[in-house]
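For clarity, chains are labelled A, B, C, D and E in written order, and residue numbers in each chain start from 1.
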Amino acid sequence: MMFIIVSIPLYIVAFILYAIRGFRGPTVFDSTISIDALCYDVSAFMVILSVYFRSYLLLGAGILLALWAYILDVVIARYYDRLTRIGDSGGD
Amino acid sequence: MRARYIAVWLAGIFIYFLIVARITLFDLVVAPIISMVAALIMGGEVVKKPYKAFSPKRWLYGLAYMLYYLLIVEPTCHLRVASMVLGLRDYRPDIVEVSFDYRTDYAIAATANSITNTPGTIVVDIDPRNKKYYVHWLEAYTRDPRVAREKIISVFDKWIKRIFED
Amino acid sequence: MDLGGIVLSIIGGVIIFVGGLFDLIAALGVNRFPDFYTRLHAITIGTIGGAVYPIIGSAILVFGVPGLSLGVRLSFALPMLVIASLILITAPTGSHAVARAAYRSGLKPYRRVSEEVKK
Amino acid sequence: MRVTGLIAAISILIVLFALAYGLVVLGISGPPAPVKLRLLGEKYLYYMINPATKYFTAESPEGVSAILWDYRGLDTLYETMVLFGAIIGAILVYREYLYSEPRKTGKIYGLSHIVRTVSKIIIWLTIIIAVAFGFTGQITPGGGFIGGAAFAVAPVLLVLVYTLGYARRLGLTHRRALLLRASFLLLLLLVIVTPLIAGGYIFQNQAKPGSAFSFPGRFIDSTPLGGSIFFLNLFELFAVAGAFTVAFILLGVIASLKEGE
Amino acid sequence: MIPVLHLVMLAVILGVSFITIFLMVFERDLLKMIVLSAAQSTFYAIVLYILLVPDVVLAYIAVAVGIYTALLMFAVKKTERFEEA
């Protein structure tokens, strides 16, 4: 239990740093990948918190987030896929 | 044809019990129904050759590969790229071509995911017709395709072939 | 409190802590690396070292927590392994999808200035 | 823009802090909720599963499902109806798009080979997990609406990763989705009306004073089944999934028509 | 009562999500707005998780992470990507 309490601040600081890159990112892709990594780390953080809260019923949220965090990537990729295909100028 | 759906159905029951992690009579009745809904919708797509799904040798190889991958391959790459982040090691990023010789979709996807999952190499694009990955490599000190193939793909090659190929 | 439980909980806890460190390094790398493709490598550290390993670590940790029945421990550990393998499957796919979109839309990879001059 | 943004941020922050300080420290909203009202929540928890008396129980250890479908069932039913009406309205407006065939160019587009292969597995897992939410909604967190929304992610991924044409080849058409939606809504109404036919009250789950009708409360090995809650969860799942699927097929068709897919 | 650790976590995450929402409102690139909206929903998911409401978290993830981003992308595709100043 002690290890979990010690490592919670590490995760929170990492979230904030990811979010900073998400806000700053010069292109959309930079923001996308950092927010995507944020999603996966939140999923891991949820799992760790479920041990901290001692309740396995909370784990369902982690499963759903791990399943669908990549939808954001697919959405952005799909947007650019269509744009480049039509011959529009993609990219920033 | 029928065997495909049965393979997907059995796998679905297994996944259900992994997720709920309890065995009661209610679950034993409900799990086949749930799995059947999923198998009827996606069954024809997920498994193409059912005899592969039923061979325990492939499952054992897959388990051994996972252990090898998680215990040996990943930590070394993590430490290397982590030292690059902290400025202790130099890097030279570039995109190189790596050829592969798999036939099945799952082998191609599994190799690409293995390459992307190790920090230091990312599959940027794939050309399925000419059988080439375009890999962004952090240590591209050479552009020779043979050396790149040796360094990037040969770790996974024989395992993936045993698991997914004939 | 048996010895095996203590050992397991220490192993799990250390893995979780190291995962947090990896996460921090990845977040630093995302802010320090020069361009999109190099940042993807840092992201990979964040998703594998910072998400998959801590989840496996907490699955180990659960077996070291005293006073739980085997059923409860499995109810924790099995879904955790499912989550870990899901991240192993989906995270690289997402990175690949975005990288492909960026590559096709004409984003050039970064090269050192000195090497450009050499050419 | 930068100055106005800064001013807006600071003013919002000041208002937020003032509200929080006033609510928590000064207590401007009066004293916290009276004790009698708090007992209501306790009673809900107490009557969710109550072996002592047959007349006051919902036979479902999952509080949210019990409150949604047993204590406030009519409310939830009207919400489902509102969603149904919205979907019907959208279809009426965009009707001609749905029945027009997409133009064929002969080329296959979509995301890369790897994403397609992995998405197959993810869609399959999504369906399993979503249907499991509906089936076990009376024991573990989850339930009808959550399961339906989770199920709807599967067609979203299909339309995103593959093209709409591929989704059609798999059998995902708006007619089927509408049929799913309508038939399961009908089943839902049937479950609600059944006690009335059997001589009880409408929306009745377990036996009440005045009518002995009750849905099966326990499974054979005494797993709580929640009576009508189980059936309502299940039917709500497919109804909501059908509704979202129709909406996304509509969006996908319009988007592909605009780009000449 | 809620321990101090939970309150600190909630305060930090809600603060970051407030900044996210603020940037989202003033963002001119609509595609980046979608990304920021996904970030905001992730932050809210973990806030709800710390407040121990698994049902709400599940519904929130399904709608906000799974469906909403795709919905917004379809909407942006039908209009222009950059807002005029």
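Please note the rule applied: contacts are C-beta pairs under 8 Å (C-beta built on N, C-alpha and C of every residue); 3 or more make two chains touch, one makes a residue touch a chain.
Predicted model only: the values in this text are computed from it and were never measured.
> Trace the shortest sequence of touching chains from subunit B to subunit C and report its length in steps.
Shortest path length, in steps: 1.
> Please indicate the chain closest to the centre of the assembly, with centres calculated from CA atoms only.
Looking at where each chain's C-alpha mean falls, the closest to the middle is A.
> Quick one: which pair of chains has the most contacts?
A-C
> Quick one: point me to the chain whose Cα centre is farthest from that of subunit C.
The chain farthest from subunit C, judged by C-alpha centres, is D.
> How big is the gap, in whole Å, between where the Cα atoms of subunit C centre and where those of subunit E centre?
22
> Go ahead and note the Å separation of the Cα centroids belonging to subunit A and subunit D.
The mean C-alpha positions of subunit A and subunit D differ by 24 Å.
> Approximately how many whole Å separate the CA-defined centres of subunit B and subunit D?
Comparing mean C-alpha positions, subunit D is 33 Å from subunit B.
> Could you say which residues in subunit C touch two or more other chains, in rising order?
26, 28, 40, 52, 75-76, 79, 82, 86, 89-91, 93, 95-97, 99-100, 104
> Where does subunit B touch two or more other chains at once, residue-wise?
In subunit B, the residues touching two or more other chains are 15, 19, 21, 109, 112-113, 123, 125-126.
> Send over the residues of subunit E in touch with two or more other chains.
Each of 54, 58, 62, 66, 70, 77 in subunit E touches at least two other chains.
> What residues of subunit C sit close enough to touch subunit B in their complex?
Residues in contact with subunit B: 22, 25-26, 28-29, 32-33, 35, 37-38, 40-42, 44-45, 48-49, 52, 56, 71, 74-79, 81-82, 88-89, 91-93, 95-96, 99-100, 103-104, 109-112, 115.
> In their complex, what parts of subunit B are in touch with subunit D?
Residue positions touching the partner: 8, 12, 15-16, 19-20, 24-26, 29-30, 33-35, 37-38, 41-42, 45-46, 105-106, 108-109, 112-113, 123, 125-126, 128.
> Which residues of subunit D touch subunit E in their complex?
1, 5, 8-9, 12-13, 16, 64, 133, 141-143, 145-146, 149-150, 152-153, 156, 160, 244, 248, 251-252, 254-255, 258
> For subunit D, which residues are in contact with subunit B within the complex?
These residues of subunit D touch subunit B: 112-114, 116-118, 120-121, 123-125, 127-129, 131-132, 135-136, 140, 154, 170-171, 219-221, 223, 225.
> For subunit A, which residues are in contact with subunit C within the complex?
Listed in rising order, the residues of subunit A that touch subunit C are 1-4, 6-7, 10-11, 13-15, 17-18, 20-21, 27, 29-30, 32-34, 36-37, 40-41, 43-44, 47-48, 50-51, 56, 59-60, 62-63, 66-67, 69-70, 72-74, 76-77, 79-81, 83-84, 90-91.
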